[in-house]
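Below are two complexes that have chain A in common, paired first with chain B and then with chain C.
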Partner chain A sequence: MNVEKGKICSMQLFFLFAGFVQGSVLLVDFAIGISESQTWMVILIGLGLAIPFVLSYVALAKRFPGMNVVQINDAVYGRFLGKTLSLYYIFFFLMTLSFNIRDVGELYITFLMPDTSFIFLLVAFSATCAYAVSKGLEVLARISHLIALIGIFVPICTTILLIDQMDFSNFLPLFELPFARMLHGIHIMMAIPFCETLVFLMIMASLDKAEKAKKSILSGLLVGTVSLFIVAVRNTAVLGNTQTIWTSPSFQSTRLIDIGTVLTRMDFLIGIAQTFLIFFKCCLFLYASVTAIAQIFNLKTYIPLVLPVAGIEVILAATVFQSKVDHAEISQNAGIIYSAPLMFLIPPLTLLIAKLRNLPNKGGKNDS
Partner chain B sequence: MRKNAAHLVIILLTIFLFSGCLGGREINDLEIVIGMGVDKGQDTQDIIITAQVVKEAEVGRTSDESGGGKAYWNVTGNGKSVFDAIRKVTHKTGNRLFVSHSQVVIFGNDLASEGLQEYIDFFLRAHEMRPTALILIAEDQAADIMDAKPETEKFPAINIVKLVKSYRFTSHFYKVNMKDFVSSLMCETTAPTAPIVKVMEEEGQKNIHIYDMAVFKNDKMVGKLVHEETRGLLWVLGKVESGILLVPYPEDQGLLSLEILKAESKVTPKIENGKIVMHIKIKQESSLAEQSSALNLTTMSVFEKIEKAQSEVIRKEIMTAFEKSKELNADIFGFGRMLHKKYKNEWEKLKDRWDEVYPTIELDIEIEAKIQKTDLLVKPAAPGQKEE
Partner chain C sequence: MIYLVLIYTVIILFTVPDLVKRKLKKELAVFSVLCFIAFVLGLLYVLDVPIPSPMKGLHKLIVEKWGIRYPKQ
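Our next item is the complex of A and B:
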């Protein structure tokens, strides 16, 4: 039995996916510190390398239509091992969610509301997420249209306004970065915007037609990547060699917009877009966490879990790191390691085992 | 019914709990700063900040009513660091300075020669500051610049911004904002530049002039570029917008004033047999705006001669700029950066001894100068005009 009763169509999946990938827009700013003017390249390579893994998630969902990852784990690995793996998934969802909530808090106290207390921002943000999640997946799917469009509209808009300040020779020389740094950048890029789409293993179970998922997922991935790509190109072309020093290159480059001394201070656009996008990403993570927990305990509904989990997440986000520097170091180095097996190893392995064991049994013995 | 009551309670609570604006600052509590000057104290070695604060009440008034009262207040603060000094200003203002509208930051000459790197940090880091704020160097003390009341503008800082933006009429100096300056500063080889601003006493009236460009080596000011040298620099960078080229007419004593209409440049670095040659291609269009000679110049053969003479003038400006930069050994053109972009591997060897390499660079300048129009006259108004 599945905890989610609602159904989404493949069009909604496309927007959900595009919005989710764009939700990692902060990461582009963050990755510039590692991959400098080759960030655009890292995004494209990351996309290319991530596609097989994303397809493995889709294949898994297609093989077990109507089943979420907790149910799939139980079916493939059996009760005990399956539950352990599901706990690993839940751990990943919860940790990533707390990092993202903290990101929003840091964004606000750095750029938008420097005097407001950090914890208040986290509470207000998480409460909104909890409210949205408690309305169910169908509501999230409906707002995804708006979110995905804002996400793509703002980068295009700011890019057009900055076009006179762009210097495309900033991308040269093309292959200057040491190989290790490039690899580091590619790994982060693969893991965070693209392979975090692991959460869709909880969402694709609610698809009305699972066989159409592949097309929506791939086009969603493409739209999301285009948006991230535009952001990376804009930042490098505008800021050049200074791009590595700013806390947020996106904010800094839009602060440079000056059209006839009238059209200035457009950084609020970035503030709006980033808030919306991270909000959406956090909603999907919160949704995945609570549905997974509800599923593991065989609850009838996940609604009672939403508020407590959101509360725990706020405390986690507020206490897990000591400072912004701590946050950056952990997520650049440790954060992408603990999640690596989950993203790159377990889903393909699950698919392989399912194939070998010829699951799900066509005979209908499987009552889950 | 019970649900409605619960909602009502929540709404009422929201009204009373969330109505305050935490950190809200009303307009009458703001000390709006429109420009800042940074100096170093002569005796104490403290940083002295001069912030130009708008007096909101005075802005609407014409100067006659209030007896020539200033619409601004230059408030100073000193401290061991820039931010320390800025916060000490609150001892005099009672409010924090609101620097979001600060359009210009002027550094005193002492600081510029000592190195700007440690003083510029605050202006980049503070979240209210804009990367579009202009950066200027005062010939002496920045505080004096902030004090010279302009004739047509109410605020000295706004006046300076206006002056800097007028570069597009002459191309004798150039607008440099925080981001441009830092971009050059962060580059290993490129020498940052910034316009120099100076107070000139003319008939008892203090006037602000912007005239030269300061050249920095790393972050220390090492020299100046005068008008022609600056324009030489701008020709290469492709940033000449307009200006008057004075071209001597070869067959006459007269002088032609050509107004630059359009200028483009393309620089291609090349390493040929171990020698670095910069191929500079400049396309320029101008209009014949004034002539002092009485000859009729509007024939094809004469035009070709003028265009040639015009190219020579441009070439001379570029060469004087280049000679000056060799003399200062400061790569104002950013040739190092261009080489780095094109010759990645060779650059590894070049960059450590760039100071020795720079003076050996050769320029190969190709100029395509055209006269597009002669404005309202086809012939000069002169007696006894003879047909050629």
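Our next item is the complex of A and C:
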């Protein structure tokens, strides 16, 4: 029995997916330090390489309609191994959620509200996420189009306003990045914006027509990538090689907007957009975490778990890294390496085993 | 400290009576365990007791012990 009773349509899945990918726009900064002016290329290659993996998540959801990843693991691997794998998924959801909550705290402390207590920001943000999640997936799905629109509107607006300051020679020379750095950048890009979408294995179970998932997911992925691509191109064109020295290249580039000394200090737009986008991403991660925990224990509802899990996340977010340097160093190495099997190996393997074992059986025995 | 106790009192007062009324015993047990973990973590944070980071441990294991990492730039 699935713990979520609500249903979403394929259009809502499209906006959820697009908003989720756009939520990683702040995290493009992790790759900028490595891939520098070739970040746009890394995004496109990352997208190309991530698509087969994302399609494997969709294929898995289509093969087991109405079942989330915890139920799929139980059905394919049996109760013990299935539950162990599900714990790995939950650990990934909880850790990624804590990174994203911390990102918001760091964003506010560094750029917007430097005198405010860090823990207060984390508590306020997590409480808002918990409130949204306790309203259910359908409510999140209903606001998803607004989030996705913000995610596309703000990068386009700021790019247009910065056109006079762009220097496209900043992209030259092309193909000068060493192979190892290119590979590292591609891995970051595949892992963070694109393959984190494996969280949708908890959400696609609530889709009313699973057969339409592929089109929605691919369109959402494309829209999300367009936002990331615009941001990467804008930052490189405006800041050039100096983008690697700024804490947040997006903030720095939009601070340069100056239209007749009237339209200035437009970085508040980035602040607003990133708050909304990361809020949305955190809501989906929190939703996935609590539904997965509820599913593992076979609970009837996940709502009582939302506040305690949000409470754990606040402390995890406050203590998981010591500084921004620590955050970048760990995310660029252990952060993407520990999650690699979960993103690139387990879902395709699960799909293969399900095909070989001809699962799900029509008798419905595997719906545990 | 006072805020922490206050927050968790409110959470418990809002959640537990409803769970008891609906006789959701398993949900109440999982809620209690998670609430306890969250409260203890909060208490350690408030009392400035160092809380080990799972990511630091993973970083030590993967990067420092197993040597799996991308070359330094």
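We take it that the second predicted complex is superposed on the first by the 362 of 368 C-alpha atoms of A that agree within 3 Å, B and C clash if a C-alpha of one lies under 4 Å from a C-alpha of the other, contacts with A are read in each partner's own complex, and residues count from 1 in each chain.
One rule holds in what follows: a residue touches a chain if its C-beta (ideal position, glycine included) is under 8 Å from a C-beta of that chain, and two chains touch if they have at least 3 such contacts.
This one's a predicted model, so the numbers in the text were calculated from it and none came from an experiment.
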Which of chain B and chain C A:I43 touches, first, second, both or neither: neither
First (chain B), second (chain C), both or neither touched by A:V25: neither
Greater chain A contact set [chain C / chain B]: C
First, second, both or neither for A:E176, with chain B first and chain C second: first
Partner chain in contact with A:P304 - chain B first, chain C second, else both or neither: second
Touched partner set for A:T264, first chain B, second chain C, both or neither: first
Touching partner for A:M95 - first (chain B), second (chain C), both, neither: second
Partner chain C, residues of chain A touching it in the complex: 33-34, 91, 95, 119, 180-181, 183-184, 187, 293-294, 297-301, 304-305, 307-309, 311-312, 314-316, 318-321, 329-330, 332-335, 337-338
Partner chain B, residues of chain A touching it in the complex: 110-111, 113-117, 120, 169, 172-173, 175-176, 239-242, 245, 252, 255-256, 258, 264-265
Chain B residues touching chain A - in the complex, by the definition given at the top: 22-23, 124, 127, 130-132, 179, 182-183, 186-187, 340-342, 344
Residue numbers on chain C that touch chain A, as the complex places them: 7-8, 11, 15, 18-19, 24, 26-28, 30-31, 34-35, 37-39, 41-42, 44-45, 51, 53-56, 58-59, 61-63, 68-71, 73
